[in-house]
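One chain, chain A, links the two complexes that follow: it is found with chain B in the first and with chain C in the second.
Presenting the complex of A and B:
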């Protein structure tokens, strides 16, 4: 029992501190700008491009797709920076020397980025309502909220895995950017999945976001929670698989570092 | 049953394998710790003294469960460092010299809070302990500031506070004063003395002889991964008591001449120190001033300035041990 409370505490402490660190790195103004302006730029860019290519009537397709996709900003960039930051700061030997539960230590880092990602998605949807005529009147608020939560959860799971990869390889930003831009296509945010070649569709269904975006489009068109539930459950499962893969990679990294003496060389 | 020794090291070895070259990959092996054995008693302040690359950090990493030994065994507080890492970790604290290893964007207090939770320190205890530790390492009043604004010495003292959060009985301090200015180093040594008086067992590594002398009860001098002497500071000084040091001021000296000196019967060890434009050749010799003529004769043709004959210091004992010319 004591160990459960200890680990819950460690989880939240890690969550809180990784978030405090983020805020002290970005000034409040920069943070706000990144939360408000960057989503606006992405939504405008892809929505107008999409409308130019396929017609005015399709605005909501792009607005919803990109708004949900924005969960990946916190989920991927935020979480990877939080984990990769330990390599920068040289804190890994000190972390690995503690008796702390590695799962609580590892997953705690993602927690606040999930909340932060949700805020980002909501703000992005608001831009859609204000500027691009997005109509949320048919959406079930609970279902939409759950979809946003699930989307940020699964992208944060992927962020944890990428964060671990960043412990091993050199260029975090390169990997993050590549993944982010790949998701723009593969998640179906900006192209209907059915227009993609078969192999790309297979990849798309193995990635986070794809199902959340599909679910969000259905909900905003008036679909019920029950209709999208299968999509959401699979999305949760995908997120969990990424977290577990990240966790095992993290443990593998710790073992290799102890064997090869590479803890502070990477 | 309390273990008799806080640390027991038996025939410990660590070999690093690195691959070099991109196209023709070759494996290079470095024996960083080579068959080392020693014990540290509870409450003792034990020093590992050696030049850069001697294997000190490698030794500390193995004892703190962060590196797997290639051969031999080590027990810390009675537990094996490989098979029983879990019970060791909450009972020890450690510092690797230098200012890295803290979250620079966080305040000192936030850093300490995070590590307190990593070490399972109850929040009520952490709340009391953090201000106490900040005071102990003389950072009181600065705890709210971000670590990135700290001086190097402050960061290294914060590391000391970090590693005391869970009140470990055994501390590993790997070159804790490295890179500090003399005042910063002195402040940190004072902190270490305070820990010693709290009856903590401490293993300290350093490459400063005077630091080991000032702090440690026993010193293991290591060089190229091996222990070349293990004694009290006084015992180490006895190694050179029979010697005198002859300092010769020169203006550039060819290496061949140093070898000529080393070959002399009356010479035990030779080192060269740069002093501004000049150099000082330090010759350790049992002959004292009587050896001076023979030494000067060996240097005939070389311009020699001042010549001083003096008693050996602890530094000379160290030079004799790790200087390379003399077998231990």
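Presenting the complex of A and C:
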């Protein structure tokens, strides 16, 4: 019982500290630029491009796709930087030196980014309503909220895996940016999946966000939670697979770093 | 004349150094090649129902996104980068004006970014099989040259602004897509609300996009093209004059407050 309490405390303390550490150096203006202006501009850019390509009537397709895709801002950039931050700030040896439960420590890094990501997606949908006429009147709020939670969970799973890679590479921003922008193509945010070649569709279904975006579109069109449940369950499974893959990689890196004495060598 | 030769040598040396540094930086490689490539891929996919004629429009537009992103993040940080690497004091101490050194760095960045247009061109041509022809090749080359001049001089303005005003630089992340939108890189600004049009007219990237799209896709009158060229020249001149003042103020402020190497 005591170990469960300890692990829960570790989870929340680690989650809070890593989040505060990541954003402490940011002024409110940097936060607003990265989390409000950039997402708004991205939605507007791809929605206008989509409307130019296929007509004003399809605006909601692009608004919803890009709003949900913004879960990746927190899920990928935030989580990766939280994991990698320990290496950059020199705290990794201390963490690896403690007997703390690695799973609680590792997964805790994503916790606040899931919440932060949800706020970001809700804000993005609000921009869609205010500026691009997105109609949410047919949406079941509970189902939509659950979809947003699942989207941020699965992208954070991918972020945890990428975060591990940031422990061994210097070019983490190259990898993060490439994955983030690739999701704009593969997730179906801007291009209907059915129009992609078969191999791209296969990749798309193995990525987070693809199912959340499809589910969000169905819910906003008036679909019920039961109708999108299979998509959401699969998205949760995808997220869990990424988290487990990241966790095992994290443990493997820890073992290798200790064996070779390369814990924080760049 | 001797001074000009000396400055030309400094510009070339600074450009060479900048290329050597940036081409090994994953963030820069992403901004110049990968991001425009992905935007081109998306643009080609999204606009493909509009026919093959849009191939060259997307190639030019996505190339311009790479040009702007590199200007914003690389040229914008060109002085800050020297501060981070501890070389700013030395550069300020040499007899060559700081602006000339930054000009060389910007020139390298902008010319490298032109490469993103070539990459998009290859993508559209090889993967999508679009027949990519430039409607008015000579005018297009002139437009490209003026675009380089406008972007290089614009970089001379934003670099000192970012160094002197960290609050402005904090908006850097949020300034990338708004210019893609307002400058009409991949869709006409007529889609935007009317009140944004005067803002577009005040942006050199808008006139660059106008000139490059009109000369590559065709359909523009010589009057329209000339106006775009004239506006780019006008903005370049304004940027040069403005940058002289900004560099003077920046260096005076840094010396009097002894904050040259400090954030």
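Here is the rule we use: the second predicted complex is superposed on the first by the 265 of 266 C-alpha atoms of A that agree within 3 Å, B and C clash if a C-alpha of one lies under 4 Å from a C-alpha of the other, contacts with A are read in each partner's own complex, and residues count from 1 in each chain.
To be clear about the criterion, a residue touches a chain if its C-beta (ideal position, glycine included) is under 8 Å from a C-beta of that chain, and two chains touch if they have at least 3 such contacts.
These numbers come from a predicted model, not from an experiment.
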{"item": "Which of chain B and chain C A:256 touches, first, second, both or neither", "value": "neither"}
{"item": "Which of chain B and chain C A:17 touches, first, second, both or neither", "value": "first"}
{"item": "Partner chain in contact with A:202 - chain B first, chain C second, else both or neither", "value": "neither"}
{"item": "Partner chain in contact with A:44 - chain B first, chain C second, else both or neither", "value": "second"}
{"item": "Partner chain in contact with A:9 - chain B first, chain C second, else both or neither", "value": "first"}
{"item": "Partner chain in contact with A:94 - chain B first, chain C second, else both or neither", "value": "first"}
{"item": "Contacts of A:224 with chain B and chain C, given as first, second, both or neither", "value": "neither"}
{"item": "Contact residues of chain A, present in both the chain B and the chain C interface", "value": "none"}
{"item": "Residue numbers on chain A that touch chain C, as the complex places them", "value": "26-27, 29-30, 32-34, 36-38, 41-42, 44-46, 48-54, 170-171, 173-175, 177-178, 181-182, 184-185, 190-191, 195"}
{"item": "Residue ranges of chain A in contact with chain B within the complex", "value": "6, 9-10, 13-14, 17, 20-21, 24-25, 85, 89-91, 93-100, 105, 258-261, 263-264"}
{"item": "Chain A-facing residues of chain B, complex", "value": "14, 16-17, 58, 61, 64-68, 86, 89-90, 94, 96, 98, 100-106, 110, 113-115, 117-120, 123, 146, 162"}
{"item": "Complex interface listing, chain C residues touching chain A", "value": "26-27, 29-30, 34-35, 38-39, 41-43, 45-47, 49-50, 167, 170-178, 180-181, 186-188, 191-192"}
